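Following this line, the structures themselves.
There are two complexes below, and they share chain A, which is joined by chain B in the first and by chain C in the second.
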Partner chain A sequence: MSIDTAPTTSAAALDATSAAATRRDILHRLLMTLGPILIALVIAGCILLAVGVDPLAYYGFVLEKGLFSPLGIQQTLTRMAPLLFLAAGLIVAFRAGMWNLGGDGQFLLGAVTAAASAPVLVQIMPSWLALTFSFLIAMAVAMIWSLVPALLRAYQGVNEIITTLMMTFLGTSLANVLVKLVFRDPSTTVPQTRTLPVEDRLPRLFETTITSGLLLGLAAIIIVHLVMTRTAFGLKLRIVGANPRAAVHAGLGVSGLTVTVFAISAGLAGLAGAVDIIGVQGNVRADWNPAYGLAVIPAVFLARMNGFAAIGFVFLLSVLSIGGESAARRLGVPNHFTLVLVSIVLIVLALAEYVDHRYNQSRKA
Partner chain B sequence: MSGSSSSSVAGRDIVALEGVTKRFPGIVANDSVDLSIRPGEVHVLLGENGAGKSTLIGMLSGLQQPDEGRILVDGKPTPITSPRHALALGIGTVFQHMMLVPTLTVAENLLLGGPWWQRPRTEELEARVAEITRSLGITVKLHAKVSELSLGEQQQVEILRAMVRNSRLLILDESTSMLTPKGIDELGALMRRLVEQGLAIVFITHKLKEAAAFGDRISVLKLGRKVGEIPPERFRALGEQAIISEIVELMFGKQKDDPEAVERPVRTVRAEAAPLLQVADLAVAPTDNAPGLSSISFDIRPGEILGIAGIDGNGQKQLAEALAGQRAATSGSVRLEGIAIEALSVGERRRRGLRYLTDDRLGEGTVGTFPVSINFFLKQVGAAPFWRHGVEQRGEIDERAAQLVREYDVRTPSLKTPVARLSGGNIQKVLLARELAEGAKVVIFNKPTYGLDLANTLASRQRIRDTAARGLAVLLISTDLEELLSMCDRVAVIANGAIVGTVENTDDARTRIGRLMIGLAA
Partner chain C sequence: MTGLFSEVFLSALLFGAVTAAIPLLLAGLGEQMSEKAGVLNIGIEGMMLAGAYLGFVGAFYSGSLWLGFLTGAAGGVAVALIMALLCVRIGLNQIVIGIALTLGLEGLTALLHHFQFSRSYPRLPAADATVIPLLSDIPVVGPAFFKHHLIVYLAVALVFGMGYLYRRTQLGLNLQAAGDKPAALDVAGIDVIRTRTIAVLTTGALAGLGGAFLANVGAGLFIPFITNGAGFLGIVLAMLARGRPVWVLFGALLFGVCLSLTTAMQVAGINIPTDVIQMLPFLAVMIMLVLFGRRASLPAALGIPYERGAR
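And then the complex of A and B:
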């Protein structure tokens, strides 16, 4: 092999060559990400044409409503807050090699507990303290909810993809039951929790309608990114994710780390629910399930579990979902076309990855 | 089948390998192997795990292509490009693990692989099967589900499948590993009848007794090289015991002009020094796929190298893992400098100076996608000065990593290179640097030169000698007798998870160890 014969040079020279390689690498990454997205837009455009919708008009509405209109961009940024928390939770889990697909159940349970606790707590303590407690309660409940898949995976080796998905069905149903039977607001006929007064919700940013939850979400995902890449704890999780046998060999407590990962991931999903309720919605209506948890997964994958890239993709997802809702109404395209678009992006991206890999292989050979 | 004309084609190779070499990253799996496979012969391929048998079969059955050398079919150089091509050439393979669909019937399994646009030709198949089974004297229940058959019966179905497809060469890969003793005898008889019909059989095994009982010709593989062959004339002339001892000589014996052979330097171990590592009555429960350990006891003094010899898979890995703390022991004690450590965790044992250099370099020794620099510190994550308050100190890590790269002569394009891209020898250097760095007192080496080229083998051995010379206690687990004899002070022999004897490394050690390994008293 050629590597065998490469002379061992000093560390400084090694770093100089690798810096150029890193730049090339980033450029390549960028091309491999944006290229497929453009191709996907073209393919989705063809589908729109086939159903008799002008794709340019559709994309135009999406951009106008989701990005360029003042109200639209504010909605987009507000939507980002819960998505960022969910993305942060997924990054922790995916980097540690654990597929927490139970985000929606954890999200809803967090949302319901926040909605149930916040209106009560604000009456007995200062608003900031009450909201903090609500956040903590939501986080704790979501963490407890993740214990079943976490313990099964850590000590019995049960596949967490199945268990978290099953727990998410149970979680959404339980959240509904709680809204209808336990936390139902007695003063309305609509099955929903008591509403947190607007003045007690998270403050809005400046003179806009953007929730300050956005800042919390940004902080969460950046902290998660730094913890995963810069700390010993993050490295331990990444070792478990990249090679569990090496983790055992290196003496890491894999079972304990597994439970921790689930707790952090679910806790962040619970916070996502809380930030959506305390910041924006104010209450939880029965049967409310925005299914953000599953929508965020592709964004995190596209970002390759990089926190900063994930911010960008979550923004894109928000634009698409806010703009897509509006464009769907005006052009008669089903609302779910946003999902079709996102999945086309994913498939094209996977294909591009495969082609790139084959190309690299054949160049090496 | 063209079996009746066996005598006329006998003596000519159906398939021959000429100088076939196959490399994988970091490992030479087959090193210019020559092999001739003739009709009417059971050709036994003998070798330990990792000797290169599976790769050789992979190339014969079209799964892999040789890097050098060529394969001749009927005397003509023929690249075997795919398993389908191999079947078309008449090469049928019965793999170690059953390749039948358990929910289908035997007949359905035999019909798999036919053209998809045709209806399965069941009547034709039944006639063929009847003809073949009659001539072989076996019975096959065509309409039974495969899952209802015993392993031995399933194997007969696999052989039958190869016959239905007009195979002239049948490769049996470790076919006896899952059979009962009776099943093994039946398989032997079946092979005999098959070769009498003019078929050629390649029979892969690592059991000496089967090789001697069923073979006509034996080729011995060792670390990818063919180290010897016993042709049929010689095979018939020798008795079973003589054949076994000749195989043992081939597998474990000293070879002429072996460049690895180094005279053992005379090292003096102070006999009065207190042992660094004391193991007493260590036992480990067996698991589904690994043997257990029982009553393992030994001491290692400072500066001493104790070897563990034995045929692969007799509990070597379990011993290493139990000592390192990766595998729970059911009883027994392990003392490091007199202090019991058997209840401590992997990390705590390491902090006290017990180091384990694993033989599975990519599987558990390293994280392949992580950079070289981080892999130096996998077992110290969070420790100062490389992490302060849990935060990575990239400067400190890179500085120390660069130092280790120089000190251990790791050839890497950069510190950031993913470690899996390095060759096996360089990955081993990363592991050596990690385990031998400051604080080591007792080091367990598990097959430290397995799969390495000569230069790296010699370099690794020198590291191990230096380690002992520094006054550390060394446990050297190896399946290479030569290696043990050239380095150890004493050699313990492990068989079926128990130490069957310990031999001082004196002049007659080779024969005494060899006898212990095949189950005779030293």
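And then the complex of A and C:
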């Protein structure tokens, strides 16, 4: 009797335990993300107390303005659009083991080309076509910009951290030069590019102020995630990332793949710039540099280069930055505090991951 | 040739170049040591900011520049301590922590500045120069190179000190080994973690000093984001120098000349966006890399945390 029932009960039990295990796993992940964020908020709160601001009032305000007020959440979701594109670009590069730290330069050049081309193109063609073209131009320019570090890394073995960092300094300056000298709007006194009329920008979603760039960004990062994890091409890139020498022995054209990775990564960063301009800003002012790239890099790492996790972290970043901007205006805490908060969140999250890893190891042993 | 290329103008230009180069030099030398030991220190921008802020606070309240340099270096070390703890001792990702530290210090120093100085923007008096006799009497070159604050000469001397350290001393070899083959160093009975910690803390001290120089001597005041990428330039310089301190000096001077040229053009009222000049050093370096780009000789274990017994 026991012989008959034994397999079925154990199978059912196994099923139940595995379901419970996945549930526990999700719960665990959630705890390991929310717990550290809470700890970080407490630490940052102490800094607020030290400068004489009520932390509860500040956080309440950030949550209200960044998450719970209808306008705030719409701004937050709008802010996510360029960040998602940047994160997607970084996921490709980092998974392939290439440190593209030049995101900001590629972003700005993409933004400037989009800002320069879109107002001209909308006058000669239907606006959907014009926007598509300026997206493509922005992407192409950013790709070309990445060609120098890509070729140097692929064929000369020059470390891409230095070259991309230098190209980002160059790109930032070049973007400024372009705005001030080449694409300057003659009708304004402040140096900026021509403004794309609001009705020609990317459409808003439904009845809200959320840019439809958000959907593009979500699509980009999900596609990137699926390509990297589910396709042969993605596998090739991950092999190059894991061990370039083994990749050569496996018969992969590492040089060509390197250039491809840089092109995709930079192209997505250029699209990030374009989506911010065509969707939200409408023009590029001289010396405009939001430096999104610097905040997105660690977020992508903490997401372990997983696209879906990256969406979560990008959302968190957006809430903090939008909420922080509003709080800065209202409570007299400078916007810079957001940087401190983001930094503490990143460090505590990284630490929590380490502690968790250690705990698991000691349990296994 | 009056006006733009007069003797006075030229020596002022070179003087400015040296002043602009010193923070880059200190940051580059510091980063070089970290990289030699296998730690990619992206937090150096944050260390410089901590140094700039604390250095200014120290000098402002005590009235002594030297005390300012001391507090600046201490500020850099404090940030480096976090980096050493997180990235060397427990081996967290160096890029994540480095960027997080940079962001955090950017925010924190700007925040403190807002509450402390944003209404008055106090300035320090101009730094008094140590004039080197005889040499400073040479036309053009004299006033440009031999009428600086004492710390400038010390920083240049440090270049050669570092060269000696790397080539002739046990510690220098240990540092090199910690970056190239940490396991071998460990087998030889030297503590890898300790060696790397020393390197990171030294980087912090140098970067902090560089920041303090930038604020106290270069600008005479602290403003938020005053380093403006100097730390990242330091990373670039260190990597281009391939482990040779002298090349950091040359690189820093090249960038210094361009930075100084930017200011000079503004003074002279030449109507080119300063961004054009700011692009020059990077263009020069990129062209050099394209023409002569060989494999950068970076330490083999750069960026990889060391864990004993791990494969």
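Here, the second predicted complex is superposed on the first by the 320 of 365 C-alpha atoms of A that agree within 3 Å, B and C clash if a C-alpha of one lies under 4 Å from a C-alpha of the other, contacts with A are read in each partner's own complex, and residues count from 1 in each chain.
In this section, a contact is a pair of C-beta atoms (placed from the backbone, for glycine too) under 8 Å apart; a residue touches a chain by one contact, two chains touch by 3 or more.
Everything quoted here is computed from the prediction, not taken from an experiment.
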item	value
Touched partner set for A:239, first chain B, second chain C, both or neither	first
Partner chain in contact with A:230 - chain B first, chain C second, else both or neither	first
Which superposed partner A:173 touches (first chain B, second chain C, both, neither)	second
When both partners are placed on the shared chain, which of chain B and chain C touches more of chain A	C
Which superposed partner A:29 touches (first chain B, second chain C, both, neither)	neither
Overlapping contact positions on chain A, where the chain C interface meets the chain B interface	none
Touch list for chain C against partner chain A, complex	40, 86, 90-93, 95-97, 99-108, 110-112, 114-115, 224, 229, 232-233, 235-236, 239-240, 273, 275-276, 278-279, 282-283, 285-286, 289-290, 293-296, 298
Chain C contact footprint on chain A (complex, rising order)	47, 51-52, 99, 148, 152, 156-159, 161-163, 165-167, 169-170, 173-174, 176-177, 180-181, 294-295, 297-298, 301-302, 333-334, 336-344, 346-347, 350-351, 354
In the complex with chain A, residue positions of chain B that touch it	25-26, 325-326, 345-350, 356, 358, 360, 363-370, 374, 378-379, 381-382, 387, 390-392, 398-399, 401-402, 405-406, 409-416, 421-423, 425-426
Residues on chain A engaged by chain B in the complex (per definition of touch)	1, 3-8, 10-11, 14-15, 17-18, 21, 230-233, 235-236, 238-239, 242-243, 245-246, 248-253
